[in-house]
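The following blocks contain the structures, represented as structure tokens.
Paired with chain B in one complex and with chain C in the other, chain A is shared by the two complexes that follow.
And now, the complex of A and B:
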């Protein structure tokens, strides 16, 4: 509902005796919502165009002879809407009776039971009993796999068309159609071909009943078994909002949550179904240390003391520069900030990093364009297939910009030469350039050329992981201090740190939250073996944990609290959705305790809130942004 | 549904049919509008719509085969499998049902010698099993034979009509 119109242009109408004002062109459904009046809907969906096929939302509109669908009727001034009349009540009751005529009523074994609109509305508005004496219902196929991800129960479908329209309007892939007619109508794919979309996981969420279900969630939990936590998808740098639904200490599913600025309520399958990784049983569960008698489980205090002692000894014997500090872009902003402070100010080394790919040049211009702003650009230039591979949900935003907003989407092929691309950029308006981080240079060159020619042009680069942007903003890089200030004497990039450790020039390594790329790099093992001291904080066992002289248990992203920053620079909260299986301090507190044990004073509690305040003092753009805002960086062009 | 293929292979589709579909495409502003006539073009030639024909129509009109299949399956006038020389459809929706459509259908089953649905032993007729509204609610019970509707039927009248069709149109559909 576009409520940005000035008050004088609002339409005033009455809903159940209450006067409400809404923007012209709003639906009666919107007006009811504004009046605080709930209207049951099946086919209507906030992100889809109205079709008014289910008739669940019918209401009385004064002056109209028949009931009107609230989901498809536009408001007009002075309209009088009634939803609580006997006629509406009777109609809802009968409509539900019809819907249940052939419904299998297998709620006890249906994944949707407890969060199903058919169950809920029947409870609330429907008949307790059917008047039909039908003993044999019309039966359809149950548990039809539409792909390895989605299972369809054709009997439970209430033919609301949402899935068909989702594929038409949101992804454009049109993989599902309604076939046959009347009571025989079925949702299906052409000739039972499997679904191929990368966005299938949204289907069970838009289905109002239990017809479309997740293969990975089948018979896993009831909604009342789940504890829901609002957080951020940890799979890429796009930063989609999710609900982490946990059952005891396991993540049972990721559910989407609508952030219109980022995900627009859709998730990609890669992100949505990435949660089993977080349920891995093999974890680092207790502090360990290499002793004369071999590797031993030790107390937290003992491990901390050993780690501080060993790092201090290497520092005093060889200088701080003999120590390399390695983080990862799976860390929160608070952890990343604390780690770079620990490295620079306490350990006294310039050799720190979090990524194998060097970042000699970075700038806030890399993400001047916001995700939602893509829709505001007259033309959007997409450099090759990489951006959409890095952040699949971007594809849906581009599709929306191209269809609902009629923007021109220009997908160009490598090599990305300014001359070739400029020829294709037509007209006068605003241009957005969307690129993978590895193509930032080409993107910025295009920006320079177009702004030089008087066009408004902004760039958005997509990165690898959930907090790649935050680690860069906060200076967990050898060449950059927090807030895009160049380090006066840059240290070694991460690959060079590894090489130096192999060569014996780096004598101690502090490794925190090693990511999968680092774990997979063959140089890591040699580097850890080459260093005398290796302090590791890790959630999962691996090369780093096996080669640690001191090992501390780390947390996964769903066990942490703090903030992460997505590709467009938006700072968003991650919250503890699952308690770890051990009672040791968080990664953030480990870093704070380690600093203290080495004689450093943080000047704040090592908790997400206080550390955020600290980092916002160092990086003023971050001030107040933790509520989901994009920091405003000073123009550094 | 692969049983829908086989009878007529895709390679045997008359090139003139493809040419006709291409021509139909030019007659409408929207490609989707050409789906119905394009399906007729195929069915008129080979008697029914094999699954591959939906792909052909989709390809020629720039639509997904799924879209074409959705349309083809919606209408009872298109056949997804080979049928007899004349196709009989007896509407069973509310208006007709109230006026005895079930009895009429049962009677015709007995008279034609068809168990449930399918071809009569002499191959002259195909009786469809369940048929939704055919748009003649004012004249129930009704049946459609090939492309003509016959309304206000009694079992006797239906028999007489079918007997005449069998005798006067031994070759194929009436009203094509």
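And now, the complex of A and C:
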């Protein structure tokens, strides 16, 4: 806060003898933080409005007869705040004793144990011993399922209201309430209805204690078992930052990590609870090849040699155009870049693709509006329910823009006729249009109409999967080279490649990391059967792996390192959170090795860093963009 | 100098007249002191429920990280332990363990203690990773503890439950923890 206000307007106050400057209207809590003084809080939360109900943060303010809640008191010039006095110490001690009065003290079986604010503050500020016997405690319900995702332990709740306020202020759904009053207060769902929100998974994270816990993480691990890796949620093109918490070779949970420009520290349940898929036991574990004696497990080198030999043979017999290359939007930028290079320069085919939806006309300007910029638009037009289905966390951003920033959110229903929407977009100022990729045409028409009328209008197109945008930026498409340059000879789109393989015009297929939609497409099996040579890199067994003449084990998104690009164009890093169950090279190295075996020279190590440098040379917008920034596309488009 | 030599010789002479203290191990075994920290034992309550609640505090306290616990939720109809949580897997790598007893110290339910068993050798390393089956007290028919009864009269045998520190709370009096008896005719210990 203080960073944006000019120095002359800052308020100077003293915290524990240290002088600090903060913006006017800041809280004493912020001032303490700025002074490097830790104040314990329960009900206060950086993303929620203060309510000052838990009284944990009370501090002494000179001139005020009683202790003041740091989380709700605004600063004033010359204020003198003391947090280390005997009065504060005593108060914290008694407050904790009070909070622990009926607390079950079942830390050993509590999923929060080890990362619980009640444990931590009790250890730091609380009474060492209880004056009350454990048998005198009043008991409430334990392990109440609030839905299939969230489990409530009413005894452990310290009534901080965070969950209630989260539903009020962040999602607007109001599903959790505090029932009764006084000592009988209990947290529960409204009229005992199960929670239906799509954002329940955030509750256990904002709950300062172990009252609300994840059903999917229940008893799975302890905080000290977990290895935390900062990465990106692999579920949609919104690109929320997550911490992947892994226990040995399993992902135990996804935790949110605050990226104010994208997720604003919230995750949707679809993304958060998508990790069990990554722990699937059925994996492609070793290279395999179809030999005269049937299908056999072969060595990596053998598989690579066979793959290269077979592809080269088809290439020399029928020309490069007889080979189709299929990637997927689950690949990292580096892999996508390497694959399109392998296809175009080494194999020599224009037929490559990564998705079933054709992309005849694309432009980086379809993604001009940044996610955080939604809040800056005076009006936001959302075309149908699809954008919010593709990227659920978008709903929270729209809610925030609509409530905290008082922006006008227009949710329009299909059919999206420009004239009809145009009538609703009234007034002056900036307009944002949020659309799913399938409604791109309508969004662009609307933009043309609005900019024609002198309004500033930008579009944000949401795509299907985690790296749909990156694969497009890096030219894993038949008609487009990396950086949105037109390819000299446009090849076939992915559905046409499949048809051509069925018809026998495509003789060989290279399939890397097939996505679920491709796996579910009935044409894939026929295409793979129709092609003479099918080289497949796949993490999970499926149609592609079963029909491969050469199969190489692939990795899931948590097993590899690289970058992905979200819908707004932000280049973000994914990191290796768990080691795969096999000792074979990463997908990126497989592609590099395959290129080399086919006589290609990459000119760099097939590792995420060097390949990124290569791709940044081909796509100038990506230069220096690795720090989680949005590349500037205007210059290259 | 001569005086010192005589002093030394006197001790030697005296000890020559004493009975030898060597024993024929492993046929003969000495009783272990009650607080001996040998191989771990996972205890049960009188009703047979396991004391361990799978909290992993022992694993957290262990300085060498040789304990692996995987917890799971109790089926209320057929609980394994009292309460919500139990250890579905509990393993200790006895080759890494330094027998410090911190795990017993950390345990909130006194589920784990270090017992008298000390002859931990085997031909295979894997077999020295003790699993829950190895560590858990048998129920309901407790096996007699072979080492404690082997000699008799020692401090170990005079205790009803010669388990080491914190052992007074467990099991029916007179019962011994569920170590597997050694395999007959085999020198050295059986599998854990």
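FYI, the second predicted complex is superposed on the first by the 628 of 637 C-alpha atoms of A that agree within 3 Å, B and C clash if a C-alpha of one lies under 4 Å from a C-alpha of the other, contacts with A are read in each partner's own complex, and residues count from 1 in each chain.
Criterion: contacts are C-beta pairs under 8 Å (C-beta built on N, C-alpha and C of every residue); 3 or more make two chains touch, one makes a residue touch a chain.
If you're wondering where the values come from, they're calculated on a predicted model, not measured in any experiment.
> After lining both complexes up on chain A, report clash or fit for chain B versus chain C.
Chain B/chain C on chain A - fit side by side.
> One more residue to check, A:189. First (chain B), second (chain C), both or neither?
first
> Is A:219 contacted by the first partner chain B, the second partner chain C, both or neither?
After superposing on A, A:219 lies in contact with chain C but is clear of chain B.
> For A:109, select first, second, both or neither according to whether it touches chain B, chain C, the two together, or no partner.
A:109: touches chain C, not chain B.
> Touching A:177 in the superposition: chain B (first), chain C (second), both, neither?
A:177 sits against chain B, while chain C stays out of touch.
> Looking at the overlay, what does A:86 touch: chain B (first), chain C (second), both, or neither?
neither
> On the chain A superposition, what angle, as a multiple of 10 degrees, is formed at chain A by the C-alpha centres of chain B and chain C?
Value: 80 degrees, nearest 10.
> Based on the superposed arrangement, let me know which partner A:413 touches: chain B (first), chain C (second), both, or neither?
Once the two structures are laid over each other on A, A:413 reaches no partner at all.
> Closest Cα approach between chain B and chain C after superposing, in Å?
In the combined three-chain model, chain B comes within 24 Å of chain C at the C-alpha level.
> Could you list, by residue number, the parts of chain A that touch chain C in their complex?
106, 108-109, 113-114, 142-143, 218-220, 222, 224-225
> What does chain A use to touch chain B in their complex?
Chain A reaches chain B through residues 174-184, 189-192.
> Which residues of chain B touch chain A once you look at their complex with the stated criterion?
Contact set of chain B toward chain A: 1-2, 51, 54, 64-67, 69-70, 73-76, 93, 130, 132-133.
> For chain C, which residues count as touching chain A in their complex?
Residues in contact with chain A: 53-57, 59-60, 71-73, 83-85, 108-109.
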